[in-house]
Structure formats: structure tokens, C-alpha cells
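Look at the two complexes coming up: subunit A is in both, with subunit B in one and subunit C in the other.
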Partner chain A sequence: MEVLVAQIFNGLSIGSIYVLLVTGFNLLLLVAMIIHFSFPVVVVFSMYMAWITLQITGGNVLLSVLASVVSAILINMATAPLFQHIMKKRGSVDINATMVISMGIGMVITDYLSHNLNHGFPIAFPDNFTGAGKGALVNLGLIHISFGQILTLGVGIVAVLGLFWILYKTKHGRAFRAIAENPDGAKLVGIPLLKTGLLSYALTGLLGGVTAVLMAILLGSASPGLGDQLGHKVLAVSIIAGLGNLHGGLVIGLLLGIVEAVIQGYWAGSWSNAVAFGIMLVAILVKPKGIFGTKL
Partner chain B sequence: MGQNDSLLMVNNLEVSYGHVNALKGVSMNIRKGEIVVLIGANGAGKTTLMESILGVNQPKGGSISFKGKDITNSPVDRNVRSGIFLVPEGRGVFATLTVLDNLLLGAHHNLKQASDKLKLVFDAFPVLGERKEQVAGTLSGGERQMLAIARALMSDPEMILVDEPSIGLAPIIVNDIFEILGKLNREGYTILLSEQNVYKALKLAHRGYVLETGHIIKEGSAGDLLSDPSIVEAYLGA
Partner chain C sequence: MSLTLFYFLGIAAIYILMSWAIYIPYRMGQLHFMTVANMAISAYFAAVATLSWGWPFWLVLIAGTLLGALIGWIASFAIGDAPCFAVVIVGFTLIYLTKTIIENTEALGGPLGIFSIPKIIEGTSAANRHVILIIVYLLVLLVGYLIYRMDHSRLGRAASSIFIDRELATTFGVNVKKMGMFLQTFGSAIGGMSGVMYLFIMRAISPNHFTFHLIGVCMTMLFVGGYTTQWGVLIAAPLLWGIPLILPESVQSWKIVIYGVLLISVLVVKPEGFITRPFLSKISHRIQKILFKKVEDKI
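Presenting the complex of A and B:
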């Protein structure tokens, strides 16, 4: 029982990372109308930027958090014209073409990380950044809850709530939702599609930068291949939940984290990916449009 | 408001979708305070003309001017800002958004005046006020059409383009909608109305244009068009 509780808590914290990544992915899908499955690669790039800043400044946490957030926003904004060029040219959404661009962006970043940063070796974040030196905050038998886990879960909840607040309580959020339901209709009422789309790139960049910091704290390390691995999971979670379904992504993201952690707690950890994807395979066979339904 | 002030001028407008020429040199002139009806069968180009005025399509040739300014290539959001708004065919309301959200989307470019506008709209359409927290998907067809018109009012327009408002509505509701359009016109809104219900539309309008496969083949006062034998035969089923 204690193992189960401990693993569920572990699962919730890694799950909140998945939720943040899936939410960013879904937001780009709904508002910017692109399939950016390399979004997690951008997030991993920001982890590297945080790490470099730590090296340069001799461990300045604040600056490295800033570097992570700023770099994610910049990369997202810099790649936006690539995606938007296609949409402008085609006159309407061409999701297939955006996938190729996303793939390209992912490959360039991953190659850059594996050739130019830390000689391609995995990077490790120092204890003063991750808080690992402080030991567990909560110790109950087998249940150890670290500072990083609490922080990830807490910031994850705040970030998702903040995002939903923007979506449901602000002018731009209203425009986001209108575009998500019917881009042509949104254009007719005078919402500038490209400009509003650009805002969603900035917002997901902010979300991605925060996620990168939380991943650095929770995982304590990163490697060039991490982005691709997460990219697969995020795409899978989004499809299983129902493409573009924000609430669905929330549930399935947390669930994936818990399932993986429970498998790691009871069986060999190295099988957790295979088992999780096996379950998702069954889910998609039973519900091809996602458990909560596609919102496209 | 003088009857001779030109508000919208369309001059020899050509629009095509790929190889299909939807508008082949359309000209029209709408004066301030008028209600003008656009008559034509399905596929004649009525929706294309309205969407082109709004700025959805890039014209291949010709020009459009509004309030004396050239708007031929100006984008939708700028045209909405300057006072043109479309009530699209099929209403175009956002079914998953609340009535209030739908209304506020009409005022997206100028939310400062939204609360005043909301009061006016809820006075004119009390049913929308009662249901403002409901999602628009739960409204009836007639209520959706009212919402689409109310959303246009939220944008503070000078000219409202109304595309086929009666489609899919019961006759008694159609009467209500036409009454609303007449009232709005008397309040000073200039209206371009595309309508299959030609008799009712001409009864309401000052003037009309007949569009056939991308050409204006006839124009005139509503009275003249109503008594024109070719119009009566083609569109009034006499």
C-alpha cells in the first residue's frame, strides 16, 4: 500500500509535466492550427539554456530560470513565421505541412544539442538548483516526497489554472476559443487570425519555459534524446485524450504519469514505456477519436 | 442622414476561386441609410460578393470603397473596425461559447464600449439577456439568428451585410427577423441583404440588385423590381 501511495505521488508529479507539455501542444493545435509534436524538444532546449546559464553565472538560479523562459518564448516566436508562411500560402490550415516543419525544427535542435552542447553527453543540474541536497520534505515509511515533486505539482496546478483563466476570462482567451471552434467564423467577426495565432506561440513559449525549469528540478538531468522521447508521449496522450481536448489532456497526462510510476514501483522500470504505450494502443483501438473526443 | 451620400461603392469587382470566376465585374453603389437587397439563385455569387466586401477574398480586379476610402485589399479585421459587419449564412455563431461570449466577440476590436452596447442589445433582444450564460448551441434557430444580428450590433457597425437570414427558419420567425432588420434600418443602419425570399425582401428594401452567375443583370427600386415581369417569372414563381 505504501508503495502504491508513493508511486501515485511520483506519478502525479511526472504527470503534471506531461499535462503542461500536452496543454502547450493542444493550444498550438487549437489556436495556431499546427501539429507541433516537437514542442517538447523546444522545452528540452530550454533546459539546456538553463543549464548553460548556471555554468556561466556560477549557479545563479534566478537567471537560469529566466534564460529557460526567455529562450522557449524566443524559439517559439522565431519558428512561428515558418508555420504561418504555410498557412498564408495555402489560404487555409494545412496540418500535414506543419508536421514536416515541426519535425525539421525538432531534428535541428536535437542535432545541435548532441553536437555542440556538453559534447553530446547528458547534462546534470546541480543540487542548489534541484533542491535535491535538502533531502525529502516528507518521510512516511516508504513514502518520500521531495521538494522538487511538491514544486512540480504546485507550479503545474498553478500554470494550468492560469492558462484556463486566460482562456475563459480574457479577451484573447475568448478569441482563442472562437478560433478553436471555427477559424473561418472567427475571421468573419474580425479576429485577426495570424496575430492571435502569434499570441498563442508566445503563451505556449512561456508555458514551455516554466515546464523546462520544472523538468530540470524533477529529473535533475537531460539528454539530447529526451525531447523526442517526450514528443512521442505528448502526441500519444493528446490523441488518446482526443486531439485538442484540453480537459482530456489534463486527465490522460496525469494518468500516464501514474501508470508509469506504478509499473516502475512493481515491475522493472525499463518496461514502463512499453506497457504505457501498450495500454494506449488498446485505448486508441477502442476509441479511435480519443477517450474524451477530438476538439478540432 | 442624406439619401444621396454613397457609403459603399463596388466597382467592376472580379473575384475567382482558382479557375472558377465567381464575380465577373460586379458594380454596386449603396447609399447611407438604405436597405438594399441582393437577389440571385444559389451559386450566383451573393455570398462571395458579401465576403469580398468584408475583405475575406483577394479580388482579382476592380475596387471597393467604403466611406470614400479604398478598402479593396484591406483585411477583415480592419474593415470590421471601420464599420462593416457580416451576419453570415447559417448564422455563424459559436456553438460551444456562451451567448455573452458570442456577443463580446462582435466587440473584439473595441471592448471599452462593450458594456454600453450589451445593455442596448439586451433591451432589444431580452431573450438573449435571459440566456447570456447558456452556450449558443442550445439556442433555437431563430434565437441564433437574433444572436448573430445582435453580435453585429456589438461591433458598432455602419453597414450590416446580412446573408440569407431566413434559411432554415419557420415563416413566423422569418417575419420577426425581417421586422428586426426593418427596425435597425430605421435606426440608421445601412443594410445589404441577400435573400432567397425575394418577395418579402423587396417589400422591405429600398432597392435591389439581381445577380446571375457573377454578373449584375438588373438593378432598380424595389417597386420596379417587384413589377418587372422577368423578375416575377424567375424569382417570384408567378
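Presenting the complex of A and C:
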């Protein structure tokens, strides 16, 4: 029983990372109308930027957090014209083409990371960044709750609440939701589609940067292939929840984290991932259009 | 024939077949990456059937192709009419599952894979290589002919109509699910066939080959060549696979970055790729003009 409780708590921390990634992914899908499959690759790139800053500055945590957030926003903004161009050229939004472009961006970033940074070897974040040196904050038998887990869960909740506040309580949020509901209607009432779309890139970049920092704290390491694996999971979560369904993504993201962690508690390393992917495969095959319904 | 030339020609043929395997379901707008998993499953099946059960090459080739088709057909019951992104994720998930099972199964050689696959004919290695190349290019011709027939039939037109407007196609009486099931099964069969041929070309197999990189490379060949006709792949695959081989080694290692940049650039500048239907009809008109002029001059 203790193992189960411990793994559920672990699952909540990693689940909150999935929730952040899925929320960013869904926001881009709803407002910018792109399937940014490689959004998690951008997040992993930002983890690398934080790591480089730590190396250069001799372990300055604040600057590395800043580097992570700024790099995620910059990459998102720099790639925005590519997606916008495709959408303009096709007359109407071609979601398949945006997914292929995103895969291309992922290929470039992943291969760049595996060639240029740390000679392609995984990177490890120092204890002063992850807080691992402080040991577990809570020790109850088999249940160890670390500083990183509490921080990830806490910041994850605050970030998602903040995003939902922006979406439902601010003028920009209303514009986001209007575009998501009816782009033509939104244009008719004077909402600037391009500007609002670009704002969604910046906002998801900010979310991506924060997620990168939380992932660095929680996982303590990163490798070039991490982004592809996360991209795969994020798309799967989004499809199982229902593409573009923000609330569904929240539930399924947390659920995936818990399921993965519980399986890991009872199964050996790579098999646990296979079991999680098996469950996702069955869920997609049974309900390819999502459990909570698509919002596209 | 040098080994380098053999591997260039052999792997180019595999890339043509694999890119066609993705092209076929994309005729109706589905990126069916499951073909990479089909390739891996059939290749490992072929390795076990050859080494442990002593099956002859022809039987292995037919069984591997049918196995690919069977897996694609079963999955197509669920995703035959699914949206593109659902088909994509099912493909990725199956690739990951296949890789994990292979890497953790000792009987399949684990992460190292299976080696010492026998030659398909008795005799020298050079003769074996010639026979393999003849077979793989005959298969390219056969698959190319089948795709050509499909593209120029009611099936091809129905697939195109689904690609352009799924709802309109349904109104015209096109059965989207049946069409998806047919195209996915066809693509998976070619994926399985490519896996068997890849095994006998390399005479070894490892799970490291069946990665997201392989998808990226095939996708680049399809989209750069042009996804609206079958001919784009035929030209893009040998060029994109061959050109990096003659570049300096320091540049070669950036192959995936080059493919990625190329893929993005082509999608932005020429979204349908280089070989498009209008391009082909322009060329065919020019050829007809030249031929008619020669005939007129003679008369």
C-alpha cells in the first residue's frame, strides 16, 4: 500500500508536467490552429539552454531560469511565421501540414542537441539547481517526497490556474476563446487573428520555459531524445482527452502520470513505458476522437 | 559491383518502397507511420523464420508481406477513418511498443539484434548481391505498377476526393472507412515487404534502425519529392539518400538537420513538393508536342 501511495504522489508530480505540456499544446492548437507536435522538443531545448547558462555562470540559478524561459519564447516566436505562412498559403488552415512542419522543426532541434551540446551525451543538472542535496522533505516509510516534487506540483497548479485565469477572466483570454470557438466570427467582431495567434505563441513559450525548469528540477537530467518521447505522449494525451479540450487534457495528463508511476512501482524500467504506451494505444484505438470530445 | 554501390542501390530501393508505403494512405490524408513498425515486425519475423525454422527466402518474403498486411488490416478496423493525428499517434505508439519488446526479448537478440542471416542463393557473395538487387528492383516495379493502376482508377480518384473534402466525398458515396482500411492495409503490406528485403540486404537486423529518424527521412522524401503523385518519391529517395553519401564526413553527420531544413523549406515554398500533377502534365504535353512535330515533319 505504501508503494502505491508513494507512486501516486510521484505520478502527480510528473502528471503536472504532462498537464503543462498538454495545455501549451492545446492552446496553440485552439488559437494558432497548429498541431505543434514538437512543442516538447522546444521545452527540452530550453532545458539545455538552462544547463549551458549554469555552466557559463558557474551555477547562477536565476539566470538559467531566465535563459530557459527566454529561449522557449524566442523559439516559439521564431517558428511562428513558418506556420502562419503555411496557413495563409493554403487558404484555409491545413492542420496536417503544420504537424509535418513541426516534425521537421523537431528533427532539426533534436539532431542539433545530439551533435553539438555535451557531445550528444545526456546532461545532468547540479544539486543547487534541483535541490536534490536537501534530501527528502517528507519521509514516511517508503514514501519520500522531495523538494522538487512539491515545487513541480505547486508551480504546475499555479501555472495552470494562471493560464485558466488568463483564458476566462481577461480580454486576451476572451479573444483566445473566441478564435477557438469561431475564427470567422472572431474576425468579424474585430479580434486581430494574427496578433492574437502570435500572443498564443509567446504565452505557450512562457509556459514551455517554466515547464523546462520544472522538468530539470524533477528529472535532474535530459537527453536529446527526451523531446520526441514527450511529444509522443503529449499528442497521445491530447487525443485521448479530445484534441483541444483543455479540461480533458488536465484530467488525462494527471492520470497518465499516475498510471506510469504506479506501473513503474511494480514493473521493470523500459517495460513500464511499454505498458503505459500499450494502454494509450488501446485508448486511442477504442476512442480515436477522444473521451471528452474534440474542441476543434 | 562494389559493396558501397550495392548498399546505395539496395537501401535506395528500400527508401522508395517505404516512402510509397507512407504515400499510399496519405492519398486520403492519413500519415500512416505504422508502416515503420510493420517493417520492423516483418524483418524480425523473417530473421526468425530463416534462422530458426529454415524457411526459404520466397516463403519468408510472401509471409512477411502478408504479416504486414494482416497487422495493418486489423488496426485499420479502428483507425480506417480516424483523423490524421490519431493515425500518426497509433503509428508512433506501435513503433515504440515494437522496439521495446524487441530490445527486451533475448530470443530476438535484444538491443544488439540478429546477425548472420544466410545468403538467398548458393554461390558467391557477389552473385547473391546481384540477385537481391534484381529482386528488390522487380518489387519496386511491381509496387510502382500497382500504385499507378490504383492512382488511375476509381479508387485513386475516391482517395483524392477524401483528401480534398472528406464530407463531400462521403456525400458522393465514397466509403471513407473502407477506403482507409484498403489504403492502410496496402501500405502496411509494403512496409512488411520492405522489412524482409532490408533484412536480406543488410544480412543483420537491429532495433536501432527503426527509429523516429527513419520516419523523418521517409517523410522528407515524400514531401520534398511531392505527395500528390507517386513519381516524386522515385526521384527524391535516391537523390536524398545518395547526395549526403558523397559529401564530406563532417557534413554527412548533419544529414538529419539537412533533411529537416529541406522538409520545412519545401513545405513553406512549394507545399506540394517538386513533382506535382501540373508539372507532370506540362512535361507530358511537351513530350507529345515534340513527338507530333517529328511525325508531322516526316509526313
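Criterion: the second predicted complex is superposed on the first by the 296 of 296 C-alpha atoms of A that agree within 3 Å, B and C clash if a C-alpha of one lies under 4 Å from a C-alpha of the other, contacts with A are read in each partner's own complex, and residues count from 1 in each chain.
Quick note on the criterion: contacts are C-beta pairs under 8 Å (C-beta built on N, C-alpha and C of every residue); 3 or more make two chains touch, one makes a residue touch a chain.
All figures in this text were calculated on a predicted structure; none of them were measured in a lab.
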Practice task
Identify which of subunit B and subunit C touches the larger number of residues of subunit A.
Solution key: C
Exercise for the section: For A:260, select first, second, both or neither according to whether it touches subunit B, subunit C, the two together, or no partner. Expected result: neither
Practice task
Identify the partner contact of A:243: answer first if only subunit B is touched, second if only subunit C is, both if each is, neither if none is.
Solution key: second
Fill in the blank from the handout: Shared subunit A footprint, subunit B vs subunit C, residue numbers none
Handout entry: Residues on subunit C engaged by subunit A in the complex (per definition of touch)
Key = 29, 31, 75, 78-79, 82-86, 88-90, 92-94, 96-97, 100-101, 103-104, 212-213, 216, 219-220, 223, 253-254, 256-257, 259-261, 263-264, 267-268, 271
Completion exercise
subunit B residues touching subunit A in their complex are 51, 54, 56, 75-77, 79-81, 85-86, 88, 92, 94-97, 101, 104-106, 108-109, 111, 151, 155
Exercise for the section: Please give the residue numbers of subunit A that touch subunit B in the complex, ascending. Expected result: 171, 174-175, 177-178, 181-182, 185-192
Completion exercise
Note: in the complex, subunit A contacts subunit C through residues 35, 37, 82, 85-86, 89-90, 95-97, 99-101, 103-108, 110-112, 115, 228, 232, 235-236, 239, 243, 270-271, 273-274, 277-278, 280-281, 284-286, 288-289
